[in-house]
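Two complexes, one shared chain (chain A), two partners (chain B, chain C).
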Partner chain A sequence: MTNIPIDAGLRTSGRSFDAWKFFGRYGALLVLGLMIVVVATLEPDTFATRDNAINILNQSALAAIIAMGLTFPLVAGEFDLSIGYNASLAGIVACTLMVDSGASIPVAFALAILGGAVIGLVNGLVVTGLGVNALVATLGVGTVVVGINYAIAGGLPVSVGEEAFIDITLGRFLGIPYPVYMMIVLAAILWVVLNRTVLGQSMQAVGGNPVAARLSGIRVDRIRVIVFIICGMCAALTGVLLASRTGNASVNGGDGYLLNAFAAAFFGSAVLRDGQFHIIGTIIGVVTVSVGFNAIALIGLGTYWQYLFQGTLLILGVGVATVARRRAG
Partner chain B sequence: MRLRMIGAVALAAASVLAAGCGSDDGDGESASTSASDEKYSIGIVGFSAADQTSEQAIAGIKATAKEKGYEVTSVDPQGSTDKAVAAMQDLVQKNVDMLVVTVFPSDAMTAGVRAAKAAGIPVVSLSGGTADGVQVNYDAGEPQGKMVADQLVKDTGGKGKLLALGYKSGLPCIGREKALDAAIGATEIQQTRNEVPIPGQVEASTQFTQAWLAKNPDVGDGLAVWGCFDDPALGAIAAIKQGNREGVKVYGVNGQPGAVKAIQDGDMDGTVYLKVFEAGQQIAENTGKVVEAGVDAEPEDVPIPSDLITPENVDAFVEENPDALKGL
Partner chain C sequence: MRATETTTPQAAGNGVAPAGPPIVEMRGISKSFGGARALDDVSITLGAGDVLALCGANGAGKSTLVRILAGVETADAGTIRVAGEDVSIDSPQDATRLGLNFIHQELNLVPKFTGLQNMALGYEGGSRTGFLDRRAARRRAVEVIEGLGGGVPLDTEVERLTVSERWMISLGRSLMREARVIAMDEPTASFTEEEAERLFSVIADLTKSGVGVLYISHRLDEVLHVSRDVTVLRNGRMVGTFVADEIDRDRLTREIIGREVTDLAPPPEEAVERHLHSEPVLTVRGLAREPRVHGVDLDIHPREILGVAGLVGSGRTELARLMFGADSPTGGAMQLDGKDFSPRSPYDAIRRGVALVPEERRSEGLLLQESVARNIALATMHDDRQPTTRLLSPGRMRATAKEMVERFGIKVSSVDQLVGDLSGGNQQKVVVSKYVRAAPKLLILDEPTVGVDVGARGELYGIIRELAHAGAAIVLISSDFEELAICDRVAVMREGRVVDIVDGAHATKDHLTSLCYAVPEEKQA
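Here is the complex of A and B:
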C-alpha cells in the first residue's frame, strides 16, 4: 500500500473514512459511556454505586432475553410481532398450571416455554408454508395468542404466592440476582449458536441473501422456521420470568416488550458492526435503554423525557450509524 | 439544583451528539423548597402519562409536596408492569422516604414492593390494593362502583337489559363490577357482559354496544350500558348516537371531563367523580404519618373522596368544580 502514490484528496478521504467508520461502529457505545459519566456526575451517591449497577443489569435481564430471541428472526431477515403476546401467554400458562393444576415449577416452566416454541413454529410455518409476509403472519398469530390468553385466564390476573417461584427472579447468588446470570448464560449460548455453528452461519446467510443461500444448499425455509422457534422460546422464557418477578401473570403483562425489544435490537445493530443484528449489540441496546430509564428516575426528569430519550436514542443511534456507513463508503 | 441543570444540559448534549438523552426537570418533577420541619422525599410510580385519573392524583401529590417543601420524583412506566417494578427499584436506589404506586395491582409488584420493604420504605398504593409491604391503599373500586350501581338500579326500576363493559385486569374495575353484580343480583335486570381491551377501549366498547343494540332493536327505554370506567361508557354513547337510538341509559365511573360533559348534554346518566387530586393531596399530607408508621404498619384502605354525578346535579357540580371540565 505504501508504494502506491495517492493524492491529497484521497488522503483526506482516507482519514475521513476511518473517522466515519469508527463513529459508525462505536458511536453508540460512546453515547452509553457518555451517559454513564454524565449521570454519575449528577447523581454520584445513587447512580455510580455497585447496587445500582446490579439494579440496572437486573432490570435489563428480561428485556435482553426477549430481545436476544428477536435478534434471530431479524438476522434471518424476518420480523416477529407476536413476541409480546407470546410472553404474556407464557406467564399465564405457567401460573395457571401451578395454581389450577398443581404443576411443579419446572413442569410449568417447561410447558410454557414449549408453548412459546409452538407459537414460533406456527409463525414459521405460516411464513414459509403459506408464504405470508412475516409482519402479517406474526401479527395474525399474535392476535390468536391474545385470544387463547383470554380463553385461559378470562382476562383475570393469576397470582402465584409460592416463594420458590418468586425466588427464581428475586433470589441472588454472590449478591447478584439470578436473572443477570440467566441473561449472561443465555447470551453466551445464543452468541455461540449464531456465530460459531453452521446453523448460525446459515441464518446469517439467509438474512444476507436468501436466493444465494438456497443456491448454496441451505434449506432456507427450515432455517426460517428455526429462528421463529428460538424467538418464541425466548419470549416465553421472558414471560415466565416476568410472572415470577411480579408474583403475578396478567393477560397483557408482556405486551410492552414488543417495541422495546425491536428498539434494542435495531439500536444494537448500530453497535460494533455495520448494521448487522447481533447478540452483543442487542444486549448493549437493552442496557442503554435501562441506563436511560434509571437515570431519568434518579435525576427526577419529567415524564416526557422518557419518550424523547427512547425515540432519540433509536433514531440517532441507527441514523448516525447509517450515515457513517454511507459516508465511509 | 444548579448542578442538576448543568448536568441535564450535558445530558441533552450527549443526546444531540449521537443518540443520547436529555435534560432538565422541566415540569418541576423535583421540587425542593423549605417550609416545615421534616423534609421528605416521595417517589411516585405513575401508570401512564395518558391516564388522566392517575395523573391528576400525581398533580395533587406534587402540589401539596411543593407547599411542604418535599422532594418529589415521578416516573412513568408507560403502563408496563415490568417498568413499574424497575421504577420502584430505581426509587429505592434513590432512597426516597415513601413510595406511591398508582393503579398497578400491589400483588403484581412483588419485586418492587420487596425491595422497598427491605430498604424500610413504606409504599402507598392508589387503587392497587394493600399487600405485604403496601401499607395504605386509596380505594377507587367497590365504594364508587356501589354508588353508580345503586343509581342504575334506581333509574331502571330494576328491570330491562344491561350491557356491562368490564376490565378484569384492573383492580378498581374488579371491585366496581363486584358492586354492580351485588346491586343487580336481586333485580330482574338481564346482564350481557363484554371484556374491554386496553388500549382500544373506546373503539371496542362502541363495537360491543353496536352489536348489543342490534340484538335488542325494540326494547326502547329498557336498555342500559355500564362501563367500569368512563371510556367504555363514552364508546357506548358513540354507538347509541350512530344507531339513532334513544332512551338507552349509560353509566360510567371516574368522572373524567368527557363524561361530565356527556351528562350535561343528556347523553349519559351517571358517573362517579373521583376526587383524585384531593386524594393525592391527602397522600402527600400524610407522608410523615406513613413514614413514621413504617413498613410493618397495619394495612389500611382509604376510600378516595367521590361524588355521584347525575343529570339532576351536574350543573351544580360543575359550578362547584369548574376543573371537572378541564381539558375539553
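Here is the complex of A and C:
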C-alpha cells in the first residue's frame, strides 16, 4: 500500500473553486438568465408577463419533444437526420387516416407514432446490421420517408376539420396549453429512462466507449436500435401535434425541426454537464431558443434576426463551453 | 568499431566497409515513465551497411529505445549522433529529415489507398508546385519496388494485400526518399518462411547500398542469421553487444533471460493436485480462429490459477477473446460445467459466469469520462435496481462500489471521482472489480499488471489468489513470466497453439522463455 503515491488517486479532490469549470458548466444557463433579465427590462409590459411565459413554453413544447427524442441517439454516439421528414410523414399519416379511413383520433395518433417507431427501427437496422454510418443511413432513410410522404399525400396538405383534433394542442388545463403538460410528462419519463434504468445507462455506456460497453456484457447493437426507435417515436409525436395545431398536415411541415432539434441538443450538451447530451440540457436549449425568438418578435426586429440569433447562440454556447473545459483541464 | 567481417551469407561481400563514423550512435540513453525506469544508460552503435539486432524479453525496453530514435518519445538523458553529428530528435519529422525510417508492427498504412498511394504519401520528389506529381511518384515507386525484387501490386488497395506485401509497401514507402537507417520491428511475425527468406535478401541488398538496418525480433535464429551485431537489453539495461558470429542461440537466450530473483511467493504445493482432480469448469477442444489461433485444447479447473505464457502475437489475447465470446471461433468447441458453451457475445459469457479483464485497460475496460461507481456497476447494473420499482438506485450503486473500493483497496477520493483521473493500478482494480461483481466462475485476466506500479501489482496478485481460493477458476495471461509464479499451471502458447503445459513448480521465467522461443525443429520433436 505504501508504494502507491499518495496523490495518485486524489488529483481532483483538493481542487479549489475553478472559474473556468464553473463557466463551462453554467455559462449557457447564465446566457439564458441574462437574456431574460435584459429583455424583461426592455419590454417589461409584454415580455415579463405570465401569459408570455406560458406562450414561450407552448412554443417550446413541440420542438422539445422531438429534440428530447434526438437526445437518445446522440447519447449513444449516433446521429439521426431523418427526424424532420419523419415528423412530416407522421402528420400526413395521422390526418390521412382520419380523413380517408375515418380513423378515430387515438387510433390515428397510435398508428402515426407506430410509423415513427418503424422508421427508427429501419434506421437502427441499417446502422447496426449493414454497418452504414448513421449520418448516411438516416439521410437515406429520411429521403425514402419523403418519398412515402408524397406517395400518400401527393404533395398536397391534408386538412382535418374536427374540433377535437385541434383541441389537443389548443386546449388548456388550468390556463396552460396541453402541449406544455405533454412536454413535462414526457421529459420526466425520458429522464427516468435515461438515468434510472439499465437501458438508459447502457445507452450512456455505448456512447462513452462502445468497446468497453460490449466487453461489459452490454448488447451494443440492440441498444443502438432502441435509441433510433425512441427518437423516431418522439419525432412522429411532434409531427402529429404540429398537424393538430393547425388542423392541417403539410407535406414538409416538420422538416424544419431537424436543425432546431440538433441546435437545441448540442447547446444543451454544454449546460450543466461537460459536453454530454442529457434531457434537461436539451429542454433548456429549446427554451433558450424560444425566449430569443420571442424577444426578437416583441422588440420588433426582422425575422432574419432569428437565424442570426440561433446560429450565434449555438456556436457561442458550445464553443465557449469547449474552451472553458479545456482551460479547466 | 568492430572489424570482424561477418560470414552471414546475405551480408557477405558487403561492399561498404564501416570506415566513416557510425550512422547512428545512441549513448547513455535513459528514460523513465512516472517513476518506472524503462531505459537506464543504454548505448547502441549502428554502422553504415550494417545490421544491428536488438533483443530482449517483452518489456526489456526495445520499443522505448526505438521510439526515442523515432522522435516519438524524448530521452531523459543521453546523446544521439547521426553520421557523427549530435542531433536532437524531437518529433517524427526530425527523424524523417535525418533519413531514419521506421517500420512498426502496425505498419501505419491507409487501408483504402492503393500501394502506390500509400508510397506517395509524404513523397515530394519532382514536385515544385506543391501538387503531387503523380507520374514522378509512380516512376519512383516502381523503381523502389523493382529494387525490392518486384511482384508487389501497386494498384491494389492495401487492405486486400497479404501481410508480407503490405510490409513491402511500408518498406517501399521509406525508400521513396533517401534512407540512411531502417528500423524493422518484428518484421517476420506474420511471414511465411519464403517471405522471410525474401526479406533477408532485401536486407542484404539494402546494406550493400550503405543503409543501416536496426532489426528487432524475438526470433533468435533469424536474428543471428541476418545481423552483424546483437545488442541485448534486459529490464531497461544493456546486457551487452555481441558479434552474431561469436554467439549461439542458447547463449543469446541466457543473456536475454538473465538471472533474477523472483519476489513472488513460490507456487502452491500439493493443492495443485487437488484442483486437478475436480471436474473442469471449462473444457476447450480444438478451438480455432484462423489465422491466429489453431486448435487449442485446454482444461481449466475450479480454484486453479492457470497461467498463459507466450510472446506477443502468439495468440493469447485471441484465445481469451474466444473464451469470452468477444470473437467467434472458426472451429472447435467449449463446455462450461459440462454443458455446451458457445457464447455469441460477452453478454452470453457474463451471464454464464465467464468474465474477461481485457488487455487494453483504457480503451476496452473503462468509461474514462464516468465515475468510479458507474464503471464498477457496468457489467452488473441489474443488481442495482430497487426491488419494487425496478429502477436503478444510485444509492445502491454507490454502496456496492464502496464495498469494492474497500475490498480491493482502490485509492479514490470518493466513488464519484472520474475514473480517468486515477492511476493505472487503481484503474485496473476498477476494471477487475467490475467483473468480480458479476461473480464469475471463470475469470480471465489479460496482462492485468501492465503499467501498474509494484505496490498495486502485489495487491492485484492478492486479489487473484483470493478469488481462486473462493472457488473461481482464473486464467492469467502475462508477458511478465515472473508473475506467472503465482500460477498452479502455466500453458505455453506459440504461434496460435498451446505447445506445453508446465506445472507451477517448474514455471520459472527461464524455462518458460525458452519454451516460448523454441525453434521449429524442437516443435516437431
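One rule holds in what follows: the second predicted complex is superposed on the first by the 312 of 329 C-alpha atoms of A that agree within 3 Å, B and C clash if a C-alpha of one lies under 4 Å from a C-alpha of the other, contacts with A are read in each partner's own complex, and residues count from 1 in each chain.
Quick note on the criterion: contacts are C-beta pairs under 8 Å (C-beta built on N, C-alpha and C of every residue); 3 or more make two chains touch, one makes a residue touch a chain.
Keep in mind that what you see is a predicted model, and the values were worked out from it rather than measured.
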Taking the superposition as given, does A:130 touch the first partner, chain B, the second, chain C, both, or neither?
neither
Between chain B (first) and chain C (second), which, if any, makes contact with A:218: first, second, both or neither?
second
After superposition on the shared chain, which partner residues are touched by A:151: those of chain B (first), chain C (second), both, or neither?
neither
Just to be sure I read the superposition right, which of the two partners does A:192 touch: chain B = first, chain C = second, or both, or neither?
second
Should A:276 be classified as contacting the first partner (chain B), the second (chain C), both, or neither?
second
With the two complexes superposed on chain A, say which partner A:174 touches: chain B (first), chain C (second), both, or neither.
neither
Return the chain, chain B or chain C, that is in touch with more residues of chain A.
B
Seen from chain B, its contact residues with chain A in the complex are 3-4, 7-8, 10-11, 14-15, 17-27, 29-30, 46, 49, 71-76, 78-83, 85-87, 89-91, 93-95, 105, 107-111, 114, 167-169, 174, 195, 198
Under the touch definition given earlier, write down the residues of chain C that touch chain A in their complex.
35, 324, 326, 345-347, 349-351, 356, 358, 363-370, 374, 377-379, 381-382, 385, 391-392, 409-414, 417-418, 421-423, 425-426, 434, 438, 453-456, 458-459
Using the touch rule from the top, collect the residues of chain A that touch chain C in their complex.
1-5, 8-13, 192, 195-198, 201-202, 204-205, 208-209, 211-219, 274, 276
Which residues of chain A touch chain B in the complex?
23, 27-28, 30-31, 34-35, 38-39, 41-42, 46, 49, 51-52, 55, 58-59, 62-63, 150, 154-157, 159, 166, 169-170, 242, 245-248, 250-253, 256-257, 267, 290, 292-306, 308-309, 312-317, 320
